[in-house]
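Two complexes come next, and they have one chain in common, chain A, joined by chain B in the first and chain C in the second.
Up next, the complex of A and B:
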């Protein structure tokens, strides 16, 4: 905790959608200790330089989830991002509102799209009327059952993952990482009676739109690892319902391809994913690809040591924890 | 005009529980909150929630520990009710979906906490508040009610001795609005930001307590302010008592465990007021550390081992690493006491009723009183749920029989006239500057150790700040999310409450629980075994006193 200060240039996004044609960036330069949180810097600007700057904040200890924003193009909490490393890496601190949610004013966004997806997950215990809760005592839960939640109970709904997610940007139907991690939390809850329904429903309601880019896990300040929980949901959904959707058929087909030959048979995979009619529908696109890459129509040779793959898959198929 | 049977202000644990109870009673309920409910400060509570469910433990022991912890200022009838509700409350939260930590046999895990004779603090790692908040919000979310989000409470409207509704500032629209209701529950939390060093969130500015006081409700025991012994140096972020419950040790600059001097039997697990005073005494007598961010002592967890520290105290590891650059697995954590909890608040009974018909309060905004002069760790989460529920039940019953509220459009104009003047000034006081000066004043003159001269000076300074606040100016002229205006609203609320703290502390010439007068170091049961009651007058708080509720426990000297 050094006492020396550095000069910190902050370029802060300012925008009033009611009056401004476009956003602008305002430069504030402050002398701060390197471990000063960006939130502290912004509050100092509000108190000492410009009281018109708008942002959300409350706990300043990474537990309320209010102060998510883009800091040097990464979605994170302002209260736990320090100015020193940012200045060292980028020469300045660019502060912008979260993405994938409309700007209300400056750094404040309208979180309605985020909460709408959260609500879609029916985030409450579904009970079987025939099986009431034990009267006057808690449900027993083993430590192993608690372990199955992984770190999903740590989620503070800060929406950093929702802001970072390219699938959310591409398709408003995608529930987003937080909502899916929340869904996972209910799916593995031994008290919940909706596991099967939840998994079947999510298969057609956006589960397979995840791009597996892991930017959610990367941006999560509480280490919830939504990408891994989405993977778990996909596996559980296939186990419950089989590969009934394009996404799940693609995943299963991909695995079959690799398992049998160690390499992809693109034509076979396209048929497995889309079915015969879908395959015919994609012929035009297929021909365009074939002109550039004629080898895709050739049947691939099994790779060397393909039999080793079988052993790997056998090991992977064994139940157990995989983080 | 908006109108609801019951309006609950504040959406932390107390407010949500009140809303659920009123909904279950069949009322049309509105929840008004300055934050999204999941961002409430209840979520920052770490250590746990007390319930005497262990085989070795009993409800009577929990009652006794709470009475003793309160330094005999807690109302014993209320405490008995409170402790009896503990078990069912925790079970209910588990049924709502809260994910608690578990013992190897599948039951709810428990840890020891300061001032408790047996391990009775049930927890969810070191984020119990968050776990309860999630569980309750998940339960409440499946009910029908109206949520007014990011609305700042400014006024409770009361006339002819009863409540007619509230006035609040809608941050997003940038407008003042009124909601008519004959039953209002205030669950707006504390005003910890009155002090410079507080573990509280920035949002903890006592809006509901101040609005109740303005409307004619009485405030009780405001001078009792708890300082948590172990706040992280510089940021004052809370380091849970659970850290000591798990075996953490306090050491001074010579590497010596010093608690034996102050609480020879239980040392680090003495109650919070005792440990906070011990740390300040060590520092004042030259045995503390000194650094650029002030004095401190060490909280050591290293001997507990990496696995225990990282699993049971996961958030504490994160806080220390991210906010202080310290790894508690290998390094001691620098800590110093900071304002943490207000035992005082809006005076209520066990049903959450105030002296004003139609006005109810629960949680940290209220003072029942069960914490008396000092709250035990693990009792505040329980309080939010037990009395949140009671106030919701009482408000629902009141709404069913009370005459219709008579809120008038002119109420809005009258109440908001001063706020409009703030924005029309071309010259005046900056709300942030006044807030900072108030915080420093309270820290310096009404902190852990108090005396007559300091408190007199504190009163003088707070009143001078109040006078300056009359000329407060809001520079920002735009409407949407005008934080310059909310800064001013909050500062006004806190200045009013700061006065009740210093005036109450000046009058109370004894030391009891968290109120330590160096000029009156002993508890004085003959003169001061009574609650302070503050009523608002144009000349400042008018103090009177009411007796403490007794049942079975005779006061004895408090030794840990």
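Up next, the complex of A and C:
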């Protein structure tokens, strides 16, 4: 084993709301092997340099999900993020608490906002009272049915996705990636009696605020792909209930908008999504844009071969056609 | 170099200045753009929300057009790049492929899956190469601090885009450096511009847009530059809404990627369609000794 060490400057966020007016960053410089996990570095600081440093951790094996924090702005598990690549890319390791949750002290956050959103999704099996579980054994599922859960059971609730999510940051109505991935898991559970209700409810409770930025997917230490499960929920919600909300109206409106021409008619789509009142409300902005970009009112030319698109839609966009 | 040119909807309509600048830059660098009037819209992520398989099929049709011509495909929009790449990825799923093939075959269309989808940013950095680009710079953007704004779909999910790390890319900053500009690093450069929910909840979208612009400004950016015309709509055309949402004046000029390249290669502001922006670019142009004609 090579025992070459590198000098690792760690800038650690320090804040005690009871005593400090402002958070500050404290520099610790340690000699470490490049493959040292950030968590190990922090524990070394606590053991050998500064016993007042507060952080949350448990298993050190990327299983418990306790040590999530921001490392050079990325929401990650400290136990599986190594110092070497961070120093190589950034010259230092900036360690901060997770975002979108209030800081209790140093790197410890109050996870209440995260769990509140999780509870809102009612992530538990809702059985049909008229159909009790078979005596003596649980409801069996086929392998194919279990596969529909996809990647969601792998989630360890570390909240890295919640911390990384710009929609969570901007709007408390958005449940966040993890909560929605968990919702998905129960929506596709064949034993669950609430699928329909869950999908109808979520349409008005933040589903359409997902920005599809995939920061959740890139942050997840367990390779869950919340953005894709949110996409799945959107398509299922439309199939169950139709396009009833602005978000679903926009998605369905966009799909139908390009069907016969192959190109987007922006003005028509804005009218469909926003409704008459909403559209009128946007007129001022529309005129501002039109002064510089008069094409906004132009009806675009259909692309050549648009009839091919029509045929593709006929084949793949039948009402009630389930994936 | 010869590529199938996929301009996307926006660059053909309200974002025409992007198309203009792309053509100028490609002509100057000797990149031949082959046009196909039968390319359709990529679905912009919205069709994917409504019907995943349909979205793949629409884009497999687009990719098949380039494949028949034996060309790789050039995009100038992060979202087009993402959707066409997604189609390539999803077509490797046998069940999806069967459905898509079933819809395309009766039309005499087959997509074998050989087309590489390349955004202009990647073509400039990987194919033209930064040393070659640097040698063609006639008006170095010296003294201009530029905050790159990537656009999500160019970057993530990073295991599918086949590019650079999805939260800490470097290519745009390296490009800006080659043009003589000073890249500004700020967290928002890899974040969402707010566009996807512009019509769903405009006030939330404006908060998101405002946050990113404000962060670029607070890190000293004189201007921002983006490889995505949808981000450009949020950052430029809706900047007034963003200013209102964050409660401060921003006045941030926002360039399209080929506009900053064009400026450095010697194009005039007129040749790059700069007068079509909602937020004037004059202050940024003055920094590099170029005046925009009114």
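Just so it is clear, the second predicted complex is superposed on the first by the 301 of 323 C-alpha atoms of A that agree within 3 Å, B and C clash if a C-alpha of one lies under 4 Å from a C-alpha of the other, contacts with A are read in each partner's own complex, and residues count from 1 in each chain.
Basically, a contact is a pair of C-beta atoms (placed from the backbone, for glycine too) under 8 Å apart; a residue touches a chain by one contact, two chains touch by 3 or more.
Just so it is clear, the structure is predicted and the values come from calculations on it, not from any experiment.
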Combined model on chain A: chain C and chain B, fit or clash: fit
Touching partner for A:215 - first (chain B), second (chain C), both, neither: second
Which superposed partner A:92 touches (first chain B, second chain C, both, neither): neither
First, second, both or neither for A:65, with chain B first and chain C second: first
Partner chain in contact with A:201 - chain B first, chain C second, else both or neither: neither
Partner chain in contact with A:153 - chain B first, chain C second, else both or neither: first
Chain A as apex of chain B and chain C, Cα-centre angle in degrees (nearest 10): 140
Which superposed partner A:14 touches (first chain B, second chain C, both, neither): neither
Contacts of A:271 with chain B and chain C, given as first, second, both or neither: neither
Chain B versus chain C as contact partner of A:303, first or second or both or neither: second
First, second, both or neither for A:238, with chain B first and chain C second: second
Closest Cα approach, chain C to chain B, once both complexes are overlaid on chain A (Å): 16
Common interface positions of chain A, toward chain B and toward chain C: none
List of chain C residues in touch with chain A within their complex: 9, 12-16, 37-41, 43-54, 57-58, 61, 99-100, 102-104, 106-107, 109, 152-153, 155-158, 166-168, 187, 190-192, 194, 196-197, 199-201, 204, 207-208, 211, 237-238, 240-241, 275-278
Chain A-touching residues of chain B, taken from the complex the two chains share: 35-36, 38-41, 43-44, 88, 90-91, 94-97, 99-102, 104-108, 124, 127, 130-131, 134, 138-139, 141-142, 172, 201-203, 233-235, 237-238, 291-293, 314-315, 318-319, 322-325, 430, 432-433, 436, 475-476, 478, 480-481, 483-484, 487
List of chain A residues in touch with chain C within their complex: 72-74, 89, 166-167, 169-171, 208-215, 217-219, 225, 227, 231-232, 234-235, 238, 245-248, 250-252, 254-255, 258, 262-264, 266, 269-270, 273-274, 285, 288-289, 292-293, 295-296, 298, 300, 303-306, 308-309, 311-313, 315-317, 323
Contact set on chain A toward chain B in their complex: 1, 3, 16, 18, 35, 37, 46-48, 51-55, 57-66, 80, 104-106, 108, 111, 115, 119, 123-125, 133, 136-143, 145-146, 149, 153-154, 156-157, 185, 189, 191
